[in-house]
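Two complexes follow with chain A in common, the first pairing it with chain B and the second with chain C.
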Partner chain A sequence: MSAPVLYVGIRALSEPAARWALLFDERLARLLWNTTALAAAVGVVAGALGVSLAWLVNRTDLPGRRTLRWLLALPFAIPPYVGAMAYVIVFGPRGWVSRAWGSTPIDMYSFAGVAFVLSVFTFPYIYLVVGSAFGRLSRSHEDAARSLGLGRWAILRRITIPMLRPAIGAGLVLVVLYVLSDFGAVALLRYSTFTTAIYYQMGGFDTGAAAILSTVLIGVTLLVLGAESLSRRRSRFYEGTGASGSSRRVELGWARWPAVAYVCTVFAVSALVPLAVLGYWAWQGVFLTGLDARFPEFALNTLQAAGIAATAAMVLAVPVVYLRSRHPSRPSWAIERLALSGYALPGVIVALGVIFFSLRLAPAIYGTMLMVATAYIIRFLPQALQSAAASLASVSPRIDEAARVAGLSPVAVMGRVISRLIMPGVLAGGALVFVSAAKELPATLLLRPAGFDTLSVRVWVEASEGAYHLAAPPALVMVLLSLVPLKLMLDRFKEPS
Partner chain B sequence: MKLKVLAAASLSLLAITAAGCSPAPAPESSAPPAEPGELVVYTSRKEDFVAPLLEKFTADTGIEVEALYADDAVVNRLKEEVGSPQADVIIGNDAGALEYLRLQDVLAPVGEIEGIDSIGSAYRAADGSWFGLSARTRGLIYNKGLIGEADVPTTIWDLTDPKYKGMFAITRGGNGSMIAHVSALRAEWGDERTEEWIRKAKDNAGAITNGHGDIRKAVGAGEFAFGLVNNYYYHQQLREPTDNNVGFIYLDQAEGEMGAVVNAAGVGFVAGGPNLESARAFAAWVLLPENQREFSNASLEVPLNPEVEAPEGTAAIDSYRVHGLPLSRLGEVWEDTRSLIERAGLDLELK
Partner chain C sequence: MTAAIVLSNVVKSYDGGRQAAVDGLSLVVERGRIVTLLGPSGCGKTTTLRLIAGFERPDAGSVRLGPRTVADEGTWVPAESRGVGMVFQEHALFPHLSVARNVAFNLKGARARTKTAEMLDLVGLSDLADRMPHQLSGGQQQRVALARALAHDPVVVLLDEPFSSLDADLRAQMRTEVRRILKDAGATAVLVSHDQRDALAISDTIVVMRDGTIEQAGPPREIYQFPHTRFVAEFVGTSNVLSGTISGSGSSVETPVGTIPCMHTHGLLDHTEVLVSIRPDSFEIDETGALEGTVVSAVYAGTSTDVTMRVTDAAGAPVDLLVHAHPERELVIGQRIRARVLPDFVAVIEE
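Up next, the complex of A and B:
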């Protein structure tokens, strides 16, 4: 799985030192600054939004919190490039607002515009992770603090937030990794980060430079992952199973209405407005100008590539997860690590690797849609693994033993007994892979063979051309598809009650 | 036991590969067998411009077309694919890129092409690996509501004049038309003066955009008085329902001046492409006068062949003075021009 990525590194290292030096001088400092500044800004804004919203709906007497809890997860279903398109339609230089009032409050094609869009569509990562941590958090610590005479804010500051730190950290890492890998939103808003630079570098004549930039970006990604596991190791504490849900919610008092206004504003900005814009243009597209005649073909291509990826990921996930859990050893650990590494890899790098790899070692798949499917598997296999592993955790090894005693071979145990027991988890993982693959943009753009456009490619092409009536219908399909993982996510993070 | 499990894992991998292969008829060998009657086209031109042409080709000849619309990325993709070419034909936006590909042995002639003489020799490769079909002439689109025709600059050097500070827009340095334009300026002025022009014009410009579409829309909407574009963007803007009060100036037209810089969109042939016969058929077909017209029509470009009728309202290629640089000269300086542009401080990509 990681072979394509190794190829990128090899290609980069085989570039002459002078090219590295030139890139360092001219581009790298700027790209590093652009990328890290964006990741930091989005991390701060999305973090503030995610934590505050999670606290409001989980820990206070906010009116309407039951409905708001799932409404606030809705932006998770809007791919940021679709969100970016919606906000260009609203706030762009020739968008609705500037047509109506002659000027816009925010320049979408600026740092602020990109940071705004990415924050608004990534905060659900933090909101969901922290919200679930609130659910699991034992109240006994807070109760103890209260009985010792600490005030409401002191408890929040000295007990609750420190205990949430691992969850906040985990959510932030997801957001930062997302920002590092995002191509569509960043490119549509004409900002420049490593991913767009790599993409356009390949658009120029310069694959060598693309490989070099990719290697640096992989380094940055590894740094983020390393920092996360370091901080996780340092702050580890265990929660008892003690009193949860028993203690009182924080009473907001007069602050409840401003709080409701705040929550509703976030919901409007992150879900209502983009969905309304999409709905409007999809309506225009479908009923006034007519749907693109090739729409069924695009949908079929998406179905085919994402379907192959999802099937392969499910079939691959079972042995990998089984090996890891039943036969923990260095090789099985290494196999899982390798598979997980794809998760953090931006699509442009995976695409670059698949190109190098298939041209030299697997020319038979070069120029076919299997290249696209391969990139999907590399990027999204971890989702299938995690889902299958979660299911397998609840299957006792005793069952294996019983099956072995009954005379089944180890392969048959895995293939006929275990895989059936963990099927729900495997299928859920497959669904996640399918949706992620259907939404995938950069690798699809770079790898698709001639005549093989997918729905995500069409959203990108038409949105870049400003043909929103053609971009909106496939974009809406993306959103509807994304409701599937959202549902799975909400089930996983459901408040235990 | 562990071995067995590993064997199971690899077996399942094999099964996937097989399952993956069966629905899509993946080629068995590295050289996909050419299905007769197919043509694979890569193009950096916009889909709206190329799709009608290809549909007509299929209707006329029965040859099915698979097209990849991938902006400038097709150039690099063709380069990467040299070992196992996937495409037969590239429809490019920029003669410089086509010649660059020829110099890299990515393009090769497909033999004698009937009708090739209808394209002037300045607009095609000497060996017939590629030929231009439509002109993309550089000039200034201006907003008639903001500036009178007499006040619009008449030479390209005028863009450095401080009196136009902030009034106009140009594209980023990596735009194909911009690169070709700068290459022509280098041939005319030499590197030092060209660098000076880039530096001053960039500082003088009110905006640096990603592409020309942004410029025509911005000038049409009155955000800038004028902008440096290719001529067909002016014709496109004229046909907009709103924001269409625009005019166009061909630059450096006076006696002794360099003339307007012309680039060409055209067709190139991929060396070792899978469907040579289809590529040949396409070459002959696209050179028929009615198809030369079709090639330029959708984008409102002007045919390079003056015999072919130009889109309504556009100026024929022989009605203004053009800079005489053969387009094949653009290829050899291509990379060099990019670094010169970067050195002069005009970013290749927007940052």
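Up next, the complex of A and C:
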């Protein structure tokens, strides 16, 4: 699984020191600054949005909170590069606002523009994780603080928020990892981070420089992952036991209407406006200028590549998850860790690794669609693993033992008993992989055989050229597909009471 | 003695108010006493505790803590301003704060330091001041929770099912320990429990509750020996309940199985129809006993042998009596035995 990535590192280390030094002088400092500043800005904005919205919806008497609860998760279904396109249409130099008023409140092709788009489409990670943590908080901690003389706001500041710190941290890590790996939105808005730099180096066939940049980006990613595992280790002790749920919601009083206005504004900006823009252009595209004649071919290509990846991920997930759960040992732990690392790997790096790897070891797949599928599997297998593992957690090991006693070999137990019991989780994982693969952009762009256009590739190409009537229909398909993982996420983070 | 808590005719009902959780309850808790609200789930004991704490507001009636009225028709003092201490079922230690900072929570300045040291010393955890809650055992967590509650010199400490999350061994040990700590601190305490052994071991006074009202209140010994009602007799321990009439100028009860000596007849006149509760401990197996019957079952329980003895009443119908025999006595099913009744654990009760 990780072999392609190791190749990237080896390749980078085998570059002469002079090249490293040259890159350091010319590009690295700038890229590091651009990337970390963006990650920090998006982390702060998305964090503030996610935490405040989760609190308003879960802990206050906000009017309409039941509906708003799931509406606020909707931006999760809009891929940031699609959102970026929508906001270029609205706020871009030749966009609606600019044409109507002659100026725009925000320059989309700037740091602020990129940070705005990424924040608006990644805050649901934090919103969902923190919202579910609110539900798991034991109410007795807040009651205890009250009996010790604290008022409502003091409890929020001194008890609730500190106890949510691990959840906020986990959500922030997801957002930051996303920003580090995003290519589409960043590139569409003509900003420069590690991923776009690597992409353009590869476009210029300078794979050595790409490998060096990738290695540095992997280092940054590992730092973030390290922070995540630290916070996860601490979070175990924060899980509430006993009566959960809140004893009472905070009464907002006069502040309720400003709060509703705030929540509705966030919803409008993160979901309503981009969906309306997409809908408008998709309408234009389908009914006025006519759908691209090759649209069915693009859809079929997407179906093929993502379908292969999803199937392979499901087949691989069962034994990996089973070994990890029933035979926890160092090798099985290492296998899962390695597979999980793909989660955090930007698509450009995976693509680079797959190129190196297939050139050396599997020349037969070089230049075929299978390269694309391989990259999808490496990147998205963790989603299938997590889903299958969650399902397996509810199957008692006694079931295995019963099957063994009945005369089945360990392999037969896995194949004939366990795999059937965890099928719903495996299928859900397959669906997640399929949707993620269908949305994937940089690896598809870099690895596809000539002429192999998927829906995501078309969105990118047409949006880059301003042909929004051609970009919007496939983009809308992406959004509709993304409703599947959104539904799965919402089920997982359901309100406990 | 002065009263630490006075509840007067408190009513509290939830959603819709069809059934009151607490229904006209009046209770006085004197300073320095340990009182247990005992009853099955749904009897209103937890609601009563939350009413005292200020987490719930009564629909009617008043709550007084010390000299101060904290809830009545026109008054409402919220939990954070009542100065009560509370120990929760799952302890509810703040997971992000060390033991010392949990105890010092919301104490200020020099007082925080001296009080924390004093409290940790009281509960015997001075060595563990810098630990985090997840590094403590269940018993240690409970001590910290108690220290945190006591650190504010509360008018009253409230304990919600304090022993239910502990293992059996630890539980017996913590009953003694919690009682010692509360007494050393001179604290007034109200506990909620559904376990009669917790209640009997720790309390100065037990308040048996049923359907939102008080069934009987008194010292543990009185509750166990002389229950007032069938509910108390059967909820606190086990009992044989027979119908009969008062006889012997109020010194015995005539029952279908014979005359039962009874000191606790509430001054009722002879020939009054009553129910009588006879604890299984009240029987003594003896060749000269007045009761004769057959052993139907005998279960060896270590500290006693729990015997079901079938006797025949005046009308010729069989009546099964539960008898605790001395564990040394070997009994065989079908064996004929005789027993006498000692008056120590016999009481006339209401239905």
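The rule we apply is simple: the second predicted complex is superposed on the first by the 486 of 497 C-alpha atoms of A that agree within 3 Å, B and C clash if a C-alpha of one lies under 4 Å from a C-alpha of the other, contacts with A are read in each partner's own complex, and residues count from 1 in each chain.
Basically, contacts are C-beta pairs under 8 Å (C-beta built on N, C-alpha and C of every residue); 3 or more make two chains touch, one makes a residue touch a chain.
Every value quoted in this text rests on a predicted model; they were computed, and no experiment measured them.
Visitor: Given the alignment on chain A, is it a clash or a fit between chain B and chain C?
Guide: fit
Visitor: Who touches more of chain A, chain B or chain C?
Guide: Touching more of chain A: B.
Visitor: Name the contact category of A:290: first (chain B only), second (chain C only), both, or neither.
Guide: neither
Visitor: For A:258, decide between first (touching chain B), second (touching chain C), both and neither.
Guide: A:258: touches no partner chain.
Visitor: If you stack the two complexes on chain A, which partner ends up touching A:145: first (chain B), second (chain C), both, or neither?
Guide: second
Visitor: After superposition on the shared chain, which partner residues are touched by A:414: those of chain B (first), chain C (second), both, or neither?
Guide: In the superposition, A:414 touches chain B alone.
Visitor: Examine A:159 and indicate which partner it touches, taking first as chain B and second as chain C; both and neither are also allowed.
Guide: Second partner only.
Visitor: Looking at the overlay, does A:424 come into contact with chain B only (first), chain C only (second), both, or neither?
Guide: A:424: touches no partner chain.
Visitor: Go through the superposed model and pick first if A:465 touches only chain B, second if only chain C, both, or neither.
Guide: first
Visitor: Quick check: superposed on A, how many Å separate the nearest Cα atoms of chain B and chain C?
Guide: Closest C-alpha pair between chain B and chain C: 36 Å.
Visitor: Taking the two structures together, which residues of chain A meet both chain B and chain C?
Guide: Comparing the two interfaces on chain A, one with chain B and one with chain C, no residues are shared.
Visitor: List the residues on chain A that touch chain B in their complex, please.
Guide: Spelled out, the residues of chain A in touch with chain B are 26, 30, 34, 93-94, 190, 192, 196-197, 200, 202-207, 304, 308, 311-312, 315-316, 318-320, 322-323, 327, 329, 355, 359, 363-370, 373, 409-411, 414-415, 445-446, 448-451, 461, 465-466.
Visitor: Touching residues of chain B toward chain A in the complex: what are they?
Guide: 1-2, 4-9, 12-13, 15-16, 19-21, 23-24, 26-30, 32, 40-42, 46-48, 65-73, 75-76, 79-81, 83-84, 86-87, 100, 174, 210, 213, 217-218, 221, 223, 334-335, 338, 342, 348-351
Visitor: Would you tell me which residues of chain C are touching chain A in their complex?
Guide: 53-55, 78-86, 88-90, 92, 94-96, 105-106, 132-134, 148-149, 152, 158
Visitor: Which chain A residues qualify as touching chain C in the complex?
Guide: 138, 140-141, 143-151, 159, 162-163, 165, 236-238, 241-243, 247
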